Amino acid sequence: MPAPVIVAQDLVKRYGEFAAVDGISFEVAPGESFGLLGPNGAGKSTTMRMVGAVSTRTSGDLAILGLDPDTHGPEIRSQLGVVPQADNLDAELRVRENLLVYGRYFGMPGRLVAKRADELLAFAQLEDKGKAKVDSLSGGMKRRLTIARALINDPRVLLLDEPTTGLDPQARHILWDRLFRLKEQGTTLLLTTHYMDEAEQLCDRLVVVDKGAIMAEGTPAELIRRYSSREVLEVRFGSDRNSEVAERFTGVGDRMEVLPDRVLVYSDDGEAELVRITDAGFRPITSLVRRSSLEDVFLRLTGRSLIE
Amino acid sequence: MTERLSTVSADPATARAIAAGRRTRRWGAWYVALHRFRVMKSYTGTVVVAGIGNPLVYLYALGVGLATIVDVDLDGVSYLVFVAPALLASAAITVASEEFTYPIMLGYKWNPTFTGMSSSPLRPTQIVDGIVISVAVRMTVNLVLFLLLILVFGAAPSPVAAGMIVAGLLGGLAFGTVLMGYTSTLEEDTGQLAMVMRFVVLPMTLFSGTFFPLSTFPIWLQWIGWISPLWHSTELARVFSFGYEEPIWLSVVHVVYLVVLIVTGWAWARHIAVRRLGR
Amino acid sequence: MTDLTQRERARPGAGRRPVRSLYSGNASAVMLRGWRATRSTNWLVVVSGFFEPIFYLLAMGIGLGTLVGDVTTASGQVVPYAAFIAPALLAVAAMNGAIYDSTWNVFFKIRFAKLYEGMLSTSLGPLDVALGEILLALLRGALYAIGFQLVMQVLGLNLSWWALLAVPAVLLIAFGFASLGMAITSYMKSFQQMDWINFVMLPMFLFSATFYPITVYPEWLQRVIEALPLWHGVELVRGLTTGDVGWGLLWHVLYYVVMIALGVVFTTRRLRALFLD
């Protein structure tokens, strides 16, 4: 078995009294696509920054490609590609220039950088934007340029912090497609997200993070199987009646979650549950049967929604 | 004794990383400087026009125009010769106050390119070094242009007048690195930089023996000159320009004071960069 | 019916009452916003602007003044050096306050903050915005002027009772620069272009009889300087504070009246072209 690319053991990052990351452990194998799923403020970005060798850990142990970020920051970063949550492209330079200067930071010779830059502009579908100003790009284009920039050094590991937050659905799909290709080429991906569909699409394996700690670990399918049912029935009775009605449900589903705007009924057969409810004389305003998702896993584990 | 996860092993991936980090560890600051030059290239026009236009305007307005009403003996030279080194030294301060303020705020906050740089093999200290290098180069270009115009005006009689460039560079960087340290500490600009311009840069330019000898002032105002990097670099530039007579120990004090400021300011800026980019 | 509205939309201002589409009589709303924004963010910066001419007065008037002694003005009057430069610094202060507010501030609002786009989607017209911004810049210039006049009075640099008229004169100067500055800014596209404003300001500041009479220059350069606005401002204010008053001063006033008119007209037209057409 090849050596893991990233090993984290009891990783802790404290800002004063506050522990942003509170004892996280995980391993990522070469070529694996690994996700950190959790709400805003769970400690995902802080973990990413420690793995990216730009933030020093308070305690615990961390090795990236067998090296300690405290002593080998430049060496580790030479093998990483980083896509931060907020774009930090240089707005004073043109699109292609952004790639050129960034490649130089890795000590790559000018001609090689120029060649890579053109390949990556094509990969990011920005060939005709090389001379454009960064500010003239749309949000999705900027994010693709940031990914192209992160790939300039042909990294072993790509770190993506909330890669599609703030993008419209079409731009997200284009981006996912590009990330799939990288995955197929064997690039190791470490990504954070608070979108369960993104985690389900992109991650081979993931950890659910909340308040700086890991709540569960597994493949998306495993986690759903372990912490949720096959299907979910969502029923609404109007905002002030949901909890009152739900209290009167008896013997409905394996488990129930009452949210302010709706009631979730977990079961292997959602349709059957709906029939049972209506037979008992309840009349929901709307009803929906869907497959279980990581959102349900998160709800189960923390009692809260991912997106609040 | 806990077992360390990271050991510099013979794993090929590890070996590759070690090899890849070598160049940036060594040359990183230059890569940052090259980036800055590329950015500066986008405003070459203004740098050149200001680099030639401003000296021309100042030398003519003050050295020729104002000189007609200042008919006092100033260390045995004409007012033009007296004021020219001071104008040159001020030009370096102007470059410093442009390049070490908004570009720094930009890099940390408004358009956080420094964060991008720190995700690459570059270290925060190299980012600071690269910026100082690039500004020193730009400052030298401005100073050389200024010197040439002073020579055109025939306002630098000494054969070692070119030494003014060193004096100007020392002054500009002494003020600039300290300013960079201060700017680096700002999380937000709610007018602090404008205040620096108004209450530090402007008074410094006016009260540093620039347009008239510091001794013209009452003694209780002269301290402004003593702590002002501009006064030290101006006096030094005057020594080079027309052999201004001052005790040799005083010239040494000028150099030492300016070098101490550069070292302190530079170290401060590096310290803040490590702290701010490694949070 | 539909036809008519569409045609009117295609040619804004071509309706029966063209001024209505430009001005809703509510420039004060624009001023109020500016005043609130200043108060909440950078009032200290605004207040500090008052010190700039004072630093100059102390350094040049008192420091350099000991080397210069007395100066002969354009009309042959002999005055102490500090009394010679103080009115010039007053005019410059008015110019700087007005220019800062009407150029950099306005540029930022047009290009980045999209502030005017928001304003013009309400019932405000372009003339409301132009007047509101210009008057705010004017207010700032006026505050500096009054403060500086008091300092001059304390230092005994107002040589005549005519100096009282220097305050309205300074307002006129600020109005002129604010309206022209805003008109020019509305044509600017990048920061680099904005730098060109500085390239004009610096020589104008140094050459316009600020620190010494322009008679030291060759004839042709004197004519060029006399064509620039700051020289008119300096001569006007200097005439008043030194008590050297004659009908000739009215030429300077006329110069500014024309400048104000041109500035307001061009700013209004440009704002309409940028945001309403």
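Going in written order, the chains are labelled A, B and C, and every chain counts its residues from 1.
One rule holds in what follows: a residue touches a chain if its C-beta (ideal position, glycine included) is under 8 Å from a C-beta of that chain, and two chains touch if they have at least 3 such contacts.
If you're wondering where the values come from, they're calculated on a predicted model, not measured in any experiment.
Q: Once the contact rule is applied, which chains count as partners of both chain A and chain B?
A: Intersection of chain A and chain B contact lists gives nothing.
Q: From the Cα centroids, identify the chain that ends up most central relative to all protein Cα atoms.
A: Measuring from the global C-alpha mean, the nearest chain centre belongs to B.
Q: Counting C-beta pairs in contact, pick out the pair of chains that comes out on top.
A: Among the chain pairs, A-B has the highest number of C-beta contacts.
Q: What chain is the most remote from chain B, judged by the mean position of CA atoms in each chain?
A: Most distant chain from chain B: A.
Q: Please compute the C-alpha centroid of chain A, do the same for chain B, then give the distance between them in whole Å.
A: Those two chain centres are 44 Å apart.
Q: With chain centres taken as the means of their Cα atoms, state the distance from chain A to chain C in Å.
A: 54
Q: If you average the Cα atoms of chain B and of chain C to get two centres, how far apart are those centres in Å?
A: 32
Q: Going through chain A residue by residue, note those that touch at least 2 other chains and give them in order.
A: Not one residue in chain A touches at least two other chains.
Q: What are the residue numbers in chain C that touch two or more other chains?
A: Counting only residues that touch two or more other chains, chain C contributes none.
Q: By the touch rule stated above, which residues of chain B touch at least two different other chains?
A: 42
Q: Can you list the residues on chain A that touch chain B in the complex?
A: Within the complex, chain A contacts chain B at residues 3, 5, 7, 9, 15, 30, 52, 54-56, 61-63, 65-68, 72-80, 82, 84, 86, 88-93, 97, 100-102, 104-107, 149, 153, 156.
Q: Within their complex, state which residues of chain C touch chain B.
A: 41-42, 44-45, 48-49, 51-52, 55-56, 58-60, 63-64, 66-68, 71, 81, 192, 195-196, 198-199, 202-203, 206-207, 211-212, 216-217
Q: Looking at the complex, which residues from chain B come into contact with chain A?
A: Going by the criterion above, the answer is residues 2, 4-9, 11, 13-14, 16-18, 20-25, 27-28, 31-32, 34-35, 38-39, 42, 106, 111-113, 115-123, 277-279.
Q: Considering the complex alone, what residue numbers of chain B touch chain C?
A: Residue list for chain B touching chain C: 42-43, 45-46, 49-50, 53-54, 57-58, 61-62, 64-66, 68-70, 72, 190-191, 194-195, 198-199, 202-203, 206-207, 211-212, 216-217.
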